[in-house]
Amino acid sequence: MSTEQASRGYGEGKEDYLRRLRRIEGQARGLQKMVEDDKYCIDILTQVSAMTSALQSVALGLLNDHLGHCVVEAAKAGGPEADAKVKEAADAIARLVRS
Amino acid sequence: MSTEQASRGYGEGKEDYLRRLRRIEGQARGLQKMVEDDKYCIDILTQVSAMTSALQSVALGLLNDHLGHCVVEAAKAGGPEADAKVKEAADAIARLVRS
Amino acid sequence: MSTEQASRGYGEGKEDYLRRLRRIEGQARGLQKMVEDDKYCIDILTQVSAMTSALQSVALGLLNDHLGHCVVEAAKAGGPEADAKVKEAADAIARLVRS
Amino acid sequence: MSTEQASRGYGEGKEDYLRRLRRIEGQARGLQKMVEDDKYCIDILTQVSAMTSALQSVALGLLNDHLGHCVVEAAKAGGPEADAKVKEAADAIARLVRS
């Protein structure tokens, strides 16, 4: 693993995230097929909800990894960098909760 | 437009929905690229939030069309079908709010 | 039941909504007590999540009643009023999904 | 300030949180008044959305304080306690995002 990769909280789970994102891409294609085939609105909405949940699950995983690696490392190092990392993570959480 | 298409609330906006879903599919590919390139977790999370908002916006549009066409038609026709359509729509809204 | 009450979709379930809202008010007081007693942040957050779910559940109930009464009535009457009611409901759903 | 208070991340902002929670309690009472007075469903839903946003805002504030104090302290101390705190925070975030 390169130094660069090691510096990312999700490094270890990279393949898993890629697999989940490919599935989400497939869900986006599946939705286009449903619209093209004039499927029933409610069935499309059910798939949109499933895709939103899958995306949220990826986001929560990334956030967990980020807290456990980047934020914890910054906290250990201390100083203004630690505060900045916490603020940055809190802002990302707020965007997630409100999106 | 076929009879089948006409029966879907989103019929008129079909091209617009397909365009938005293709963009969402592109966002899913963009996220895979970010993970492959070891981009910073917070930047990935920002893109996930943007993609979630885009998906929600599609869902709200579909729901609006559904209420304005399928539910209104069923209400005019009356009877148990109207109640069933309202319940079905309410359940879809609940899944959306909770996803 | 007065004419006024009858015109509200939630008329029949009024007592049930009041009971749930009183419980939610109690949850708000419980949260104040937890903060005053310096309870652990995570335990407070768990209670906030429970209270948010209870509120959402009230909102989904009201929305269901609204669709089943006000929107269905307007749809039967037809005309611009029906369109206005659907738009109004869709806007309320959007606020709910995004809040 | 007692040692106990100092150990809570929200210690400094305690008065502010209490003020916001009292306002939220007031919103819950206002909603009961609206239902009692048979106010229009959509107006009630608008108030529910405002109250949900106020609650979420309190939750995000508490989470921010928690990350900046409890989690950062645990990270500095290191060991399994740090991992446990990160997991606990991530679980609280997941409940918040999904509620």
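Think of it as A, B, C and D in the order they're written, each chain with its own count starting at 1.
Quick note on the criterion: contacts are C-beta pairs under 8 Å (C-beta built on N, C-alpha and C of every residue); 3 or more make two chains touch, one makes a residue touch a chain.
These numbers come from a predicted model, not from an experiment.
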{"item": "From chain C, the most remote chain by mean C-alpha position", "value": "A"}
{"item": "Comparison of A-B and B-C by number of C-beta pairs in contact, larger one", "value": "A-B"}
{"item": "Equivalent interface positions on chain C and chain D, same or different at half", "value": "same"}
{"item": "Separation of chain B from chain C, taking each centre as the mean of its C-alpha atoms, in whole Å", "value": "23"}
{"item": "Where chain A and chain B are represented by their mean Cα positions, the distance between them in whole Å", "value": "20"}
{"item": "Chain C, residues touching no fewer than two other chains", "value": "56, 59, 63, 89, 96, 98"}
{"item": "Contact set on chain B toward chain A in their complex", "value": "2, 4-5, 7-11, 14, 17-18, 21-22, 24-25, 28-29, 31-32, 35-36, 38-42, 44-46, 48-53, 55-56, 58-59, 62-63, 65-66, 70, 88-89, 92, 95-96, 99"}
{"item": "Chain D contact footprint on chain A (complex, rising order)", "value": "56, 59-60, 63-64, 67-68, 71-72, 75-76, 78, 82-83, 86-87, 89-90, 93-94, 96-98"}
